[in-house]
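Just below sit the structures, each encoded as structure tokens.
Consider the two complexes below, in which chain A is the common component and chain B and chain C are the respective partners.
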Partner chain A sequence: MVRNERCTKCHICQRQCPYGVHQRIVDSDTGAVHIVADDAKCVNCQRCVAMCPMRALKIVKSNCSYRENAYWSQKAVMEIHRQAEQGGVLLSGMGNPEDYPIYFDRILLNASQVTNPPIDPLREPMETKVFLGSKPQTIVRDHTGRISCQLPPQITVAMPIMFSAMSYGSISLNAHLSLAQAAQELGIMYNTGEGGLHESLYQYGKHTIVQVASGRFGVHPDYLRNSAAIEIKMGQGAKPGIGGHLPGAKIGPEIARTRMIPEGTDAISPAPHHDIYSIEDLRQLVFSLKEATDYTKPIIVKIAAVHNVAAIASGIARSGADIIAIDGFRGGTGAAPTRIRDHVGIPIELAIASVDQRLREEGLRDSVSLVVGGGIRSSADIVKAIALGADCVYIGTAALVALGCHLCRSCHLGKCAWGIATQDPELVKRLDPEVGYKRLVNLIRAWQHEIKEIMGGMGINAIESLRGNRLMLRGIGLNDRELSILGIKHAGE
Partner chain B sequence: MKREGQIRIPSGCAIAGVIDKSGKVFNGEIIIRSIAAMHERSNGLGGGFAAYGIYPQYHDAYALHIFYDHETAKFNCEEYLKRFFDIVHQGEIPTRSIKEITDAPLIWRYFVHPLPSKLSMSELDETEYVARCVFEVNTRIDGAYIFSSGKNMGIFKGVGYPEDIGRFYRLEEYEGYCFTAHGRYPTNTPGWWGGAHPFGLLNYSVVHNGEISSYDTNRRTLEMYGYPCTLQTDTEVITYIIDYLHRKLGLEFPEIAAVIAPPFWQTIERMPSAEQEYHTYLRNVFSSLLVNGPFSILIGFAGGIAALNDRLKLRSLTVGEKGSRVYFASEEAAIRIVEPDLSRVWAPKGGEPVVVLWGDA
Partner chain C sequence: MNISAEKLDSFQLNRKIKAAVGTVHIDHCFGQRYIGSGMKEKTLVIHGTPGNALGSYLDGATIVVYGNGQDAVGDTMNSGQIIIHGHAGDGLGYAMRGGSIFVRGNAGCRVGIHMKQYQDQKPAIVIGGKVGSFLGEYMAGGLIVVLGLDEQEVPVGDFIGTGMHGGCIYVRSNKVPANVSAHVSVQHVTSEDMQEILPLLAAFAKYFGINVENLAGDEFYLVKPNTSKPYAQLYTKN
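Let's turn to the complex of A and B:
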């Protein structure tokens, strides 16, 4: 923590820091005021830096480090020290930050030149509306010969972007409210996550995907009916194969009511759904939920991108699901065991490519839509994901960043200085939903503009013509195996 | 140099078509003159024609037009055909040797009926049986390529300017009720006759001017439906979309137009609710078959012709009418040259199909 001479010792930093880094000390002899910082407590959330009216603060990397070792990094050594001290599983917040290949950054987009014209989105319609759901390729006509327009339930989104599952509990009610309002204004969906739906948010039902997870928290008939779609959460990119644990300390009266559990008890989501030990069990849950909602809601099955994701997805497509959601290994979380988060799962880019291809090979691509998430950072990532074969993307981390998150990755501490991943009423207040939802709307509108620009450059004026259009992509610096999995050519080919 | 199918080759083009609604036949002279007027829109690297009603003596048989690269291909292909078809008649397609056309492959024609025993064993309907045999030959038999497979119709195409290709095939000796033509302007030189247009499957033939930006979306969808796309050309993909929607799903041509060049959402929102529902349904269910980017196409089929532009009308297409004849061309000049005195001439709007059936007169 570096504090320069502009500091007026107003100690706003002290009041803003939930981690107790800054402290105002008055010298009892001289009466002089000092502000000191305990660097060891700093999580680098940037709250004090942003709030300092004098711009007097700067957080810099400390050069106090262990002896350099190319194999035993300081992080590895420090983690051993922590575990040796406490004997626990290491926990982390947000997505996998490690240095794995980022395929999105190794893919380049195409544009029209000469043989077909680019389209100017400011002059011509540029369509981004997407329908998600099963689309059987059969034509039924009534006695007059008119095509019958009956379809299995669908969700309609104005652009191929939805807010991914983040539970009330893992994030604050103000964060949820911001997401819900933004989804309504944008004509898209947000997702309750596994923490149930707070009563005050029922009014946004048409833009809500309600989740049914292994803990079944907050699941009741009204919850299911008050939705645009129902998502069965089988897995999450940040922690495939792992359940969830919201500590009792966070279970205040509102969360307890919403989750339908006693106040102060730990909310533990088991690793498996205990009624789903195989694919045939999943089919039963899919149809139980359809029965419960009179076949009026599409059912999403969400899985983490793991090694055999393509085979799993094709099994899900045969199990009555209308939509498959796949979460890549960069996907965020409120808390996950560090080792799981950083070492389990595969990049979403590869998962999209292999799932889309497998579903096509098996003739199943029309029976399910594909929503992908886990590391979408920009409109360019979205365009690439759709061209690889996705119908729509989920964004979680990016939405939280729009709400103020600076990716300090300390959500698991529950003291989010930005009022997002916390239940502390004083901290929650910091996120004004009126401001939050406008920031989300701004972000998604900006991305929509960018998507339209990119589409126009490609000579495409409807987003459906981008889906699975892998000729619009080229790899850069990828080997043959990677290119063949992604189903794209190398730049220059 | 990679040949068509191993590489995707963008091209510009000229297209033309003429139909007599009364079903009265006329010879290929007119269509040659029409397409020749647009000489500048081709570059001598591909031209061709589709002609309907030209084989009345074998109107019930599938007319297979086949290019062979060598005698072995012919031998292998004929062995294959004998196993699946009863060949009623076969022979070389008559050509005239002219100095403008060189490097022609062996060009043969077979009039065939599916072998009844094989057909019933396959449990396919007849058209599907024939289509699968065509795919089989084109993907499995090296050096053989079936480029026309309809009944009472034929495609004639090759590498050269279209008017030269017409003279090469002695098109003036054929009489039909409908002809389409194509002159190609590819960006590089494949020099393979199979890569020229029209592209056909069963009775469908397509001539197309444009470069579609939805190509890979359309191709990957069609491959899922069992259409191996071997040529990497837009025309191939459009032909298969039409075969899928018309023959397999039974959509009518105006419905097909609403799938491949649908109205914009902002237009749909202004429609009465029944129409809104209809267009929303088609756009949703067949979203992967929307053809995006510039195109003008003429679709020949048994008994008629359909013309369609992309939804933004990024390619020219003019229609002219005189008596029972309807003319189509990339440029009005190509219509005026064969019929200066038109009773009506217009440029159809983007996404607005013009469908002409014989018997409409």
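Let's turn to the complex of A and C:
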């Protein structure tokens, strides 16, 4: 923490910081008041920096560091110290921050010139609307020749972006309200996550994807029917293969009521659904949900991107699911064991390409739509994801950043200074849904416009023409193996 | 209204049941699934063997089975009643939130996993025979009673209550249930404890024609969570 001479000792920093970094010290001899910062407590949420009216604060990397070691980093050493002292599992918030290759940043987009003119998005209508659900394999006509249209239920989104699952419990009610209102205004969807649906959000039912996770929190028939689609959560990119754990400190009266568990007790979602132990069991759950909702809702199955994701997706496509959602290893979370978050799973770029390819090979690609997420940061990432084969993307971390998150990754402590990843009423009120939803609308509309510009530049005018269009992509600095898995050529070819 | 399930698949049978009015009697039921899924009103009386996911997401209806149930009976049930005059399979009452399930005979493994409750919404499961392992795993609320009628040994399997943090399990037995999880404590019931389940025993007796006075006076053990945070010490503090 660096404090410059502009500080007027107004103490706003002390009031804003939930971690007790800034302290007021009164000099017992002179009576002078000082503010000092305890750097060790700072999580770098940037709240005090943003709130200081004098712009007197700056957070810099501390130079109190251990001896340099390219292998035994300071972080590795400190983590061993912590475990030796307490003996527990390391817990972290947000997505994988480690230095793995970012394939989005090694893929370049095409633009049309001369041989095939670009399209002017300011003049021509550009279609960003997408329909997600199972599409028929053949066209059936009646005796007059008209197409006999027996479509399974679909979701319609105005653009290929939806808000990803973030549970009420991991994030605040105000954050949920912001997401729901924004989804409604934009004509897209938001996702309840596994914490159930608070009553104040029922009015947004048409823009809600309700989640059924292993803990089945808040799942009852009215919840299921008050939705645009139902998502069965089998896995999550941040913690593939393991369950979820919301600490008792975050289970206040509202959460206890929505989740139907005692206040102050930990909310645990077991690792597997303890009634789904095989692909046949999954099929059974899919159809029991379809039966309970009279076949009116598309069913989404969400999985984490892991090694055999293509085979898993093929199985899910045969289980009766309408949409497959895949969450890559950069996916965020309120809390996950650090080692699982950082070392388990694969990048979403590779997963999209291999799933899209496998489903096409098996003639199943039309029977499901693909929604992908896990570290989508910009409209460029979205265009690349769709060109690799996705129908639509889920954004989670990016949406929270729009609401004010600065990625300090302390969500699991429950003291989010921005009122997002906390249940403390004093902190939650810092996030005004009326302001929050407008920021989300701004972001997504901006991205929609950028997507139109990029598509126009490519000479296409509909998302349909972009989907799976690997010819619009070229790799740069990727080896043959990577290019072949992604199904794209190298730049210059 | 009577429906014969003979030669009907699950989809066809469920369409007929949903279209029917009043009390629906189904016979020749032979493994058709998802019967009564999400059903609000109505009474279904089933003769035969209903298939998996009977009464899943049940929301107020009553289902009576003259025969055995299979797996996933009452999955995520919200309210209503399921009464089975035979045995039931695995995964009974998974994530149950309300209503009640009565089984005259045995149930399989993984009964009552992640059962929940909130204020007066309190689900109940009463099993007349015995159950398999993993009873009440991750239980957060509700009541399970295992009576072990006609059983000489302890009528519950291993690993009861792993991750349990709410609710209670009553076991009628002369011997202490062994091999329980470290997250629960097992004690003899007190007379106050028994008050809790007398209405359930009375209902069980009424449905299956058994004398309740005999049951209420027998030896019962009460399995309860010994902590509200079974996994609290699992993680380091930052």
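One rule holds for everything that comes next: the second predicted complex is superposed on the first by the 490 of 493 C-alpha atoms of A that agree within 3 Å, B and C clash if a C-alpha of one lies under 4 Å from a C-alpha of the other, contacts with A are read in each partner's own complex, and residues count from 1 in each chain.
Operating definition for what follows: contacts are C-beta pairs under 8 Å (C-beta built on N, C-alpha and C of every residue); 3 or more make two chains touch, one makes a residue touch a chain.
Everything quoted here is computed from the prediction, not taken from an experiment.
Colleague: Quick one: is A:C149 in contact with chain B, with chain C, with both, or with neither? Answer first, second, both or neither.
Modeller: A:C149 contacts chain B only, not chain C.
Colleague: For A:G477 in the superposed arrangement: first (chain B), second (chain C), both or neither?
Modeller: neither
Colleague: In the overlaid three-chain picture, which partner chain does A:G264 touch, first (chain B) or second (chain C), both, or neither?
Modeller: second
Colleague: In the overlaid three-chain picture, which partner chain does A:R365 touch, first (chain B) or second (chain C), both, or neither?
Modeller: Touch partner of A:R365: chain B, not chain C.
Colleague: After lining up the shared chain so the two structures overlap, which partner does A:S288 touch, if you call chain B first and chain C second: first, second, both or neither?
Modeller: Touch status of A:S288: second partner only.
Colleague: So, does A:A256 touch the first partner chain B, the second partner chain C, both, or neither?
Modeller: A:A256: touches chain C, not chain B.
Colleague: Considering the complex alone, what residue numbers of chain A touch chain C?
Modeller: Counting only chain A, the residues touching chain C are 82-83, 86-91, 212, 214-217, 219-222, 224, 245, 247-248, 256-257, 259-262, 264-268, 270, 274-275, 284, 287-289, 291-294, 337, 410, 412-413.
Colleague: Which residues of chain A touch chain B in their complex?
Modeller: 112, 115-117, 119, 124-125, 127, 129, 131, 135-139, 146-147, 149, 151, 154, 360-361, 363, 365-366, 458-462, 464-472
Colleague: Could you please specify the touching residues of chain B with respect to chain A in the complex?
Modeller: Within the complex, chain B contacts chain A at residues 8, 10-12, 187, 210-217, 220-221, 223-225, 249-251, 255, 264-266, 277-278, 280-285, 287-288, 290-294, 311-312, 314.
Colleague: What residues of chain C sit close enough to touch chain A in their complex?
Modeller: Per the stated touch rule, the residues are 10, 14, 18, 33-34, 37-38, 40, 52-53, 56-57, 59, 71-72, 75-76, 78, 90-91, 94-95, 97, 110, 113-114, 116-118, 121, 134, 137-138, 140-141, 163, 165-166, 228-238.
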